[in-house]
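Scrolling down, you'll hit the structures one after another.
Shared between the two complexes below is chain A, which pairs with chain B and chain C, respectively.
Now for the complex of A and B:
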């Protein structure tokens, strides 16, 4: 509430700053106001929490030279456009929109504010010159999780809680399954779509449904720690992974490892570029190698040999010697996708809308 | 069609999944029966969730946690009560504001409580009863709140239908002027009803943060309060129908996730919308027709009372 009124109050002032800012762009700005739009609450313990850690890191890095503002719980869709417009009017020089569903809103508002820089996470549309996109190769982390899942499952049933059927999630499911299958050919994957990024009760229900169906390793693509909390109720029978954030409070089990999104270096770099005048439109997609994706500690609940294999897999991906999508891989319908030794081009990954061979069920359209 | 889904486990799961909505809805039913429309259910629920969580963590006792949740919800509803009953503010606007206020306040109180695990609320030990095949899993292996929620529904039904207290409450909701003329303290009765509604919503919220998700995160109730509000209306203000509606909603939510996990060949988007669709459909069909049910709304619902009028 208060934040909103601050934004409103600053609107008039903001225009002046923007006009002034235009002249100064070539040499960089004296002071940057950076805005962050969050899809959930900062306290989600996962996705949004990590983005906010990045925002705080920016503040710490540049001190007085930046002003960081943020808005939590911004729904994807028309509301996002309003929130973005308000932020742009309030004098933000750069705005980070941190969810896939803000893609159209970001591009629409960016077209109206050519002097404000927009950075959209996990998207692919850059309609105007002031829109950059950045993403992390989460599927690299999913490969490591898949390997652990394949080795650890006793029922040979592993589960995945999907949020929305978008390429990023489908990519994660495929990578998770491929590497579980490689580790344990008997493995079967159940996917449950929650159709939400953040709804702890529903996420817990989804985890419970999977557990009721005999699944004993659960990976989730939603934002809260609820699936781990549900797994914790089984007293060690079911394990899972931290998603987006380390979720270390569920160590050593059910959380046996995690994918940590590390946005801070990118945020610091981009705001820094605005300050020193070297800012340019980019499309960034870093993974384990670039440090945007980190694999959280693999706990002692995992046998030492499995842990060593998982770490070797992580390191080979990080070094660039292994690509999680290396052929031969067939699509679900049996048609060939990648030939022996071929790796998936980024373009195909970013538009991925099919399951690989062996996964049952359909992707909701 | 239900290949691989164990009905006993499913029914047991749906009973647990429905508890927060039952509690919040039955509380709101009493409030609306007294002629007050409190749209702040979501806010009271989340206040209950955080107050219950904080109390449980601080004392290490889950029972005190639920008590704390009920008190938290009731205190928040007291604000609504004072504003609408004494200062005669608009009930719709005040209720909506209460939700926003509750969401913000709970987030503030909850700072520092992320990632903490509350003390576990155990299953009521019913000994050999829980070993009965199927029936034991469905009926005798729950925590105490599940049983309490059903008892509360029964109690509310009995009180409204058979007691003098219930009659007075309904009289206040149907025509506050007539009740006032008969000498009943309209405002006091309504305040008590509002606090009961707040306590029930708080209890439901505490159930989410202490049992269903066992943790605190901002916005943890994620719209359960709105579902509860809708169920009160679609259940045409009848306690047992609230139980039915909540079980239907909870049941289909659990069922659709189980169907997905079991790999049923039904498009997921139909499964996802089915809880909302089927619950509304069933309750609408039940309350349509010529019976009194369709006009069961308390006549003075949402109207403020002042003795001078």
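Now for the complex of A and C:
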């Protein structure tokens, strides 16, 4: 399995030119100062918490050879650009920007600081040679969740709390639905959009709205534990999943499993590459196989046979023998998308702006 | 024993001194908070107030950023202060700021890709109109139906946020953006951009407008009949009515001016520092401006200084956040303390502190 895909074409050419001009690169650094920009608070128990765990792992791994700094609650927009610039001015050698909305700011600041490396999570723009992007194939984890959801629902109504209607989220919803439907053809999916990454009150409202509709399995694509806290109030009627972090405090129910974002290996590898001089621009998109996406323990609240099926699904995705988007799959409007046996190319997943057939409702636009 | 005695008239000395005292008290209380968090309080305070201005490593970048951050705050706060003086409480500047940006950007995007520089003035007019329109809703509901403008203007912020999200995801979405939310980047379109006017200064049209508005507001309050009416309506509403000031007209005027200026700030932000209509475009300038207005004693020149000070705590706070590892909540608490202490020591303007028991009433 290819561990990382190095960019081809223009970007690589630019990079090579830069290498020619600056050979110092290859020598590695004595000490690395690594900066992390977070969209939420490090105590969110989800997305930002996991990135911060990765940052702490870097500190642990390299000790005195690395200094880790971070800034939490940085709004996506003009403020991000300033936070990034100040970090670059403070002498950071590498800066990880851990939310999609930092894309333009990351590229703008990177152009002004060619000697600083920028790593943007979940983005796709690499305007200059010092910008790399990294992401995880969360949709692989959604397939496992979808299977559990389909098997576990008693009302045949499952729910999904979306953050923003961007391809990243839409592909998760599609994967979740496809595998729930495969496990239980009678299943219906309701999607509620929270329009936030982190807002426990809004996330709780979204969960309540779903529960009121009769939904008894909730998956979420937001950062806090609020949806699980709502599910916990229903005395076992509603279950959900840990999102981004294991959220093990809600075990064994309502949290019956989880998707864990495991950024530590990537962060350690990238900072290590700066230290030993092997650093190069990359565009990484790893999943279960690469270890970036982990499936948290499936608890005893799930029957043993369902658990075994879910684990088998996880292992086949991890081994690369099964792709969660394998045809035949139609789009919501009934038009054909993937033919029998065909798998979705990465490019189409990264721009996914449609629901698959069977999901009701529209993607807000 | 301590006892408060009402002053016959507000103390001019304390009017000027309370903001300074509030800043000093905030530094002390904030320092204690930072110490409790295990950080060196002197270093934290220095990082917040000194480093953005004078630290060799950051100052050349953060000094101009002060203007970028203070510009919209001053623009909005000056508008709000007029209403606040007259007892008209526009709490929804955040929503008017959003609507100004949407209207302004909307005109620009509708004309895209027209390349004449005339597009920008048109967008400015649209931005002011958007903010004005959004402020007219609570103003007219108040004058016609006696609704509470505090509630209506505040709740309209949430309406504006939803319109903003819908614009970013739908009507104004960048057709070349690969399906991602957010409009075209206006700051990269020459005919629509609000660029840095002199490189390295942070000076953009929004900052220029803020300075002009401060001067205009100052002159109006000192010399113009409208300024007199605003002050009179706030200090003695009955006297104002006898003097022929129409409360309805004043409400519409003050709400309109503050809304228009908030819309203007939104327009300059969306064409400059923010660059695009996005779901998270607004970052709370409209609410922070309320603090700035009071910190500046509702006085245009005071607001100018207060806006710069507030910007300093933001930029210094960001610096402290990552150089010292301070949690962002601590920075927000620190900023909150500023308003708290300001309101607390404001007491000194109208009251005198006396020691000893009360003697016979005079």
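Note that the second predicted complex is superposed on the first by the 341 of 365 C-alpha atoms of A that agree within 3 Å, B and C clash if a C-alpha of one lies under 4 Å from a C-alpha of the other, contacts with A are read in each partner's own complex, and residues count from 1 in each chain.
One rule holds for everything that comes next: contacts are C-beta pairs under 8 Å (C-beta built on N, C-alpha and C of every residue); 3 or more make two chains touch, one makes a residue touch a chain.
Bear in mind the structure is a predicted one, so any value in this text is a computation, not a measurement.
Q: Sticking to the clash and touch definitions up top, decide whether chain B and chain C on chain A clash or fit.
A: clash
Q: Would you sort A:169 into first (chain B), second (chain C), both or neither based on which partner it touches?
A: Touch status of A:169: no partner.
Q: In the overlay, answer first, second, both or neither for which of chain B and chain C A:101 touches.
A: So A:101 only meets chain C here.
Q: When the two structures are overlaid on chain A, which partner does A:195 contact: first (chain B), second (chain C), both, or neither?
A: both
Q: Figure out whether A:35 sits in contact with chain B (first) or chain C (second), or with both, or with neither.
A: A:35 sits against chain C, while chain B stays out of touch.
Q: With both complexes overlaid on chain A, does A:295 touch chain B (first), chain C (second), both or neither?
A: A:295 contacts neither chain B nor chain C.
Q: Report for A:77: first if it touches chain B alone, second if chain C alone, otherwise both or neither.
A: After superposition on chain A, A:77 lies in contact with chain C alone.
Q: For the three-chain arrangement built by superposition, which of chain B and chain C touches the greater number of chain A residues?
A: B
Q: In the overlay, answer first, second, both or neither for which of chain B and chain C A:264 touches.
A: neither
Q: A:89 contacts which: chain B (first), chain C (second), both, neither?
A: After superposition on chain A, A:89 lies in contact with chain C alone.
Q: Tell me which partner A:353 touches in the superposition: chain B (first), chain C (second), both or neither.
A: second
Q: Report, in rising order, the residues of chain A that make contact with chain B in one complex and with chain C in the other.
A: In the superposed arrangement, which is not itself an observed complex, chain A uses residues 41-42, 72-73, 195, 364-365 for both chain B and chain C.
Q: Residue numbers of chain A touching chain B in their complex, please.
A: Against chain B, the touching part of chain A is residues 1, 40-45, 49, 72-73, 159, 190-193, 195-196, 198-202, 204-206, 208-210, 212-213, 215, 224-226, 229-230, 232-233, 247, 249, 360-362, 364-365.
Q: Residues of chain C touching chain A in their complex?
A: Within the complex, chain C touches chain A at residues 57-58, 61-62, 65, 68, 165-166, 169-170, 173, 178-181, 185, 269, 273-276, 278-281, 283, 315, 318-319, 321-323, 325, 327-329.
Q: For the complex, give me every residue of chain B touching chain A.
A: 4-6, 9-10, 13, 17, 20, 100, 104, 107, 110-111, 114-117, 208, 212-224, 253-254, 257-258, 260-263, 265, 267-269, 272
Q: Could you list, by residue number, the parts of chain A that touch chain C in their complex?
A: 35, 41-42, 69-73, 75-79, 81-83, 85-87, 89-91, 101, 104, 124, 164-167, 195, 351-353, 364-365
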